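Chain naming follows the written order as A, B, C and D, and within any one chain the residues start at number 1.
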Amino acid sequence: MNEKKQARVGVYVCHCGSNIAGVVDVVDVAHWAANLPNVVVSREYKFMCSSLGQELIQKDIQEMGLNRIVVASCSPQLHEATFRNACDRAGLNPYLFEMANIREQDAWVTSDKTEATKKAKALTAAAVSRVIHQEPLEALLVPIESNVLVVGGGIAGIQAALEIADSGNHVYLVEREPSIGGHMAQFDKTFPTLDCSACILTPKMVNVGNHKNITLLTWSEVEAVDGYVGNFTVTIRKKARYVDESLCTGCGVCQEKCPKRVIDEVFEAGLGYRKAIYTPFPQAVPNYPVIDRENCTYFLKGTCKACEKFCEPGAIRFDQKDETLAVKVGNIILATGYDLFDARRVSNYGYGRLPNVFTSLEFERLTNAAGPTSGNVVLRDGKTTPKSVGIIHCVGSRDKNFNNYCSVICCMQGLKFAHLVHERTGATVYNFYIDMRTAYKAYDEFYQRVLEEGTLFVRGKVAEVTDAARYSNEKGKLIIQVEDTLAGKQRRIPVDMVILSSGLQARADSKEVAQKFGISCSADEWFIEKHPKLDPVATMTDGVFIAGACQGPKDIPSSVAQGAAAAARVMSIIGQKEIQIEAATAIVDEENCVGCQQCMAVCPYQAILYLADKGKAHVNEALCKGCGTCAGACLPKSISLKHFTDLQLVSEMVGAMQTMKDFETISAEVAA
Amino acid sequence: MIEYKNILTTCPYCGTGCAFNLQTLDGRIVGVLPAKKHVISEGGLCIKGWNAHDFVYHKDRLTRPLIRKDGQLAGSSWEEALTLVAGKFSQIKAESGPDSIGFLSSAKCTNEENYIVQKFARAVIGTNNVDHCARL
Amino acid sequence: MTEPKIIGFLCNWCSYRGADGAGMARLKYPPNVKIIRVPCSGRISPELVLRSFREGADGVMVLGCHIGDCHYSTGNHRTAKRMPVLKKLLEYAGIDSERLYVNWVSAAEGEKFAAVIKDFTEKIRALPPFTETMKSRKQKLAEMKQTEKEVEWTSA
Amino acid sequence: MDKRINDLGQIIEKILPEVDGVLGLKTGPGGIVAPHLFVKERPEELELMAIWPKEPLPSVIRLIQQAHPEAKLAVVCRGCEERGMVEMFKHAQLNLNNVTLIGLQCTQEEAEFCRCAEPFTVHAKMIVGQPIEGVADPLTEKIAAMSQPEKLAFWKEEFSHCIKCYGCRNICAQCFCNVCALEDETWVQTGHLPMGNPSMYHLVRAMHMTAKCVACRECEETCPVGIPIAIHFRLIARDVKEMFNYETGAVIDQKPPQLLVLEEGDYERTGLPH
């Protein structure tokens, strides 16, 4: 209270050349403001933001003992930082400064000069009234842990991990499956250049496996995340492999000898087999196998142990348990990828019911030389080569019944399939598309190439795939019923094989994961970036970044670019060594808090904790972003937002209202 | 054993005579509840009645007489305090007459206590200078 | 005819920048609205709005980011829940609920901001001054007596 | 003799040995009824047990539980009191796990006295009396139907009587804060009567009662000047139900709407611009 009585305010009204002075009578405003309560000095100057203008303020602070500064000039978005720094240089806490926006919100938008001057006075009075109640604040500095957690070992995660590890910082790369590689490891060729997917991916995977700065944790999942940017503690559960990693040489004898064959639903998309002890694919990194407990004969019946018998180094450990480890990291990159849209949901396309309807992933495995058919494109019977193939685009995408969005990759994927079918079988290929989307470098050229190869394109959404033949030429075939919107007629096209270019969708557990890491999901359950254009890999939670398809459908080049971008953002934070935390945070008056927990529920950042022993709320300043939603919600006003307290806002409002009322009285008197 | 009960009493503040229940928990007064069926207050109270219990455990409440000695207030016994007051009264009355003394009584006293105060003023000291705030 | 006095609470990230945008585009609008910057529209408690009315504001504007675009992700969801209830309360108390205006203006919507201010100022201008409507009969009586006295004094 | 008293007495007698206390009402001197904690050490006090007029038992049970967090308590509650306790539970003010609810259904006469739409308990395990339909509140309807100037005139008149005793706040079970915005000069001008228009006191309080008021009418009953204060709260409660599908006290694990983000369709019902 005492301090407020002693508030010594300096007011500085800026001409901004003629930008303000051309409309507002700045001299009048400055003279008038000199009579406001607590104002010690009031000046006007041509350009307050110039170094001379700033020096004026600094000199007055030092010579006249000013302890509050108001500058009436442009928008605080432009020069709040400038003047705060000037105050700081003169030894005045920057939070004892306030700005009145008389340019963007007055001089530039008001035609009448008298009215503009009145408004400038009201805004200045509001700022003076507010600044008296402002309090000095200190920004908190916290050191940054240089270790980084990357979640997801697909191409985006691999790229991010390598970039950071190469810069000399340590990375924990956590992958849920037994090997890194992600979806890319399952593909045969990549569009538009048709490089072999494994050929370009494997070197990177090996690099990750050997990197001295990468701790690779496969067959592991993140259990919990605690803390804030620079200081996260992450709990990771390392699932039991039943193989001692320090002894296993990756020779593969165990897989040979294991008598139990299991259909491989994950890597081979259900088309091939693996053993109960397995690595998902020969180039897996790390190359240690995993025992699938649910199918292992020993775990089911208590006898077998074939793998143990034949393992020369003796690496099999049937008694291995899940391990939990806690790591300290400063930043987190989520690259958790996507799930393939389940084509069964589009029941009229017959997947799961009609054997020769394939999903895109199944087809990828069919064409892969290391796949179940050694790269032969054949029907479900395993031997017949199709003579005609229909490729349906936009399966589950751009569809009100399923996903509204475009899955981005399916057009190019469909074209790639058309090319591969043509190349491997010489079959007639039909592509059914809604719109052909071949943006980006060399994509449309690829489309032209496929056109020239003789693939037939039908523009229209496929209504149905059926085996109910109506005509003799349809017997034993799959009939694609489609409205050809270019020809304007219904068509029935009989083919031997149908490939559904399924869309991408968010991981089934993406909401759960988002909650764990304190970020949010869109309605489609993709992770939300901080800004859709200007901050695509950051999230609303500082220190948590997203890369690749977990943010939305993406092809390989974009995923790689995002992985690298996220790594760059993380390295920029690590380079700062310590990070400044917002000073205008919320604070709880513990004596008055009644512990109703409303503030906790409304906080978008989970920055408010409940101290159960005291029955009070408590703000974690490092997590608080200063939105003040809690202060708006608290009924007894026991939580307040520093620099935007009730008293400050009300004083500002009263300052403006009082000036407006005063002018009203004056004009009424003049009229009388 | 948890002991929660209500004790019916009359508001001490003014002459209206509103009633309320003093809520007590484990022997301590914890609040006021208006008495709904009471003929005078009919379940209502004014702001004074609602806060009538507040002073009981207040840290600033005087719990023993204080005497100013050498410019400092110091705790003393009732015996000492009353002797001092009686002595001063007699002294002032002897020096300046009974009308140099006045009595202000309190709304926080009961009717009977206020009666005693005026009786004391008139019969013992011999003055009609009596007033109080309980005649609201 | 007195000019309406209007207080606008604007969020820092969208609406305040939208207002700056209107300035940068030199769009003209009435000077009646005095803007108070808050970090998020979720910071605006109903008490702040009511206190502005109590202070004599003829209208109060609450502008924030569009739903889904909040800088603080869900701060403006609170606005969307509190303010409709407050509008209803004003209505039940006999106060024209149009005096409280809630809308969403993004940083890019300078034009919308100027239009919104124009519309709202005109709407409020059409209503009687707020403090006038709030005067009790006693106050009005006292004022009448006051004027009578003045008239007597001047005529005498 | 009201049969409910006998039934209730039997229930309490039965559970008294199992709990640390049963909160109910007891007739005191001069026939004045007040809340009382019946304990197994003094079962004879049950002779004096009463059920009417009702008292704000949710605030009393909170008081007792805060002093004795581990105590096993039971409480006799009517529909409104039960709703009140559910709302307090949602705001972490009451641990319902340690409280046994003994429901008491109101009679037609009692419901009419309170102008109560829901004079019955739903969550209580043991219930005394037969549930009845609620009654409509004619006064709320009358005020809702008024024109805007009529409403303004009505409330100006009513609020001009207010003596700011803070009784409506003090008696309210949902007003459990340690400090109160209504005592803060930032919001409510102190030392002025009659209070100004618009009344900061009553409007701020009405906002604070959003999604909290359980229509127990204690505030109206205790108001020394008879202002029908709860009407604002009840009218808003209708809107909250309509906009956010929330009814106070109805579902124990449903969070109050102001604590949740907008759900599908919420926004459309708020009437805010698109």
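Annotations for the structure displayed:
Keep in mind that, in the parts below, contacts are C-beta pairs under 8 Å (C-beta built on N, C-alpha and C of every residue); 3 or more make two chains touch, one makes a residue touch a chain.
Every value quoted in this text rests on a predicted model; they were computed, and no experiment measured them.
Taking B-D and A-C together, the chain pair joined by more C-beta contacts is A-C. Centres computed as Cα averages put chain A at a distance of 37 Å from chain C. Chain C and chain D have centres, each the mean of its CA atoms, that are 34 Å apart.
Per-chain CA centroids place chain A at a distance of 69 Å from chain B.
Among the residues of chain C, those touching two or more other chains are numbered 47, 51, 74, 78, 82.
Residue positions of chain B in touch with at least two other chains are not found. Shared contact sites, meaning residues of chain A that touch two or more other chains, fall at 602, 633, 646, 650. Each chain pair that touches appears in this list: A-C, A-D, B-D, C-D.
Chain contact summary for the complex, chain A toward chain C: residues 75-77, 101, 103-106, 108-112, 115-116, 118-119, 122-123, 126, 520, 528, 540, 584, 602, 604-605, 625-629, 631-633, 641, 644, 646, 649-650, 652-654, 656-657, 660-661, 664, 668. Against chain D, the residues of chain A that register as touching in their complex are 591-598, 601-602, 610, 615, 633, 635-638, 646-647, 650. Within the complex, the chain D residues that touch chain C are 143-144, 146, 148-156, 160, 181, 186-187, 194, 196-198, 200, 202-204, 206-207, 210, 231-232, 235-236, 239-240, 243-244, 257-258, 261-262, 266-267, 270-273.
The touching residues of chain D, when paired with chain A in their complex, are 91-93, 176-181, 184, 186-187, 208, 255, 258-260. By the touch criterion given at the top, residues 2-3, 5, 7, 16-17, 19-20, 22-24, 26-29, 31, 34-40, 42-45, 47-48, 51-52, 55-57, 70-75, 78, 82, 114 of chain C touch chain A in their complex.
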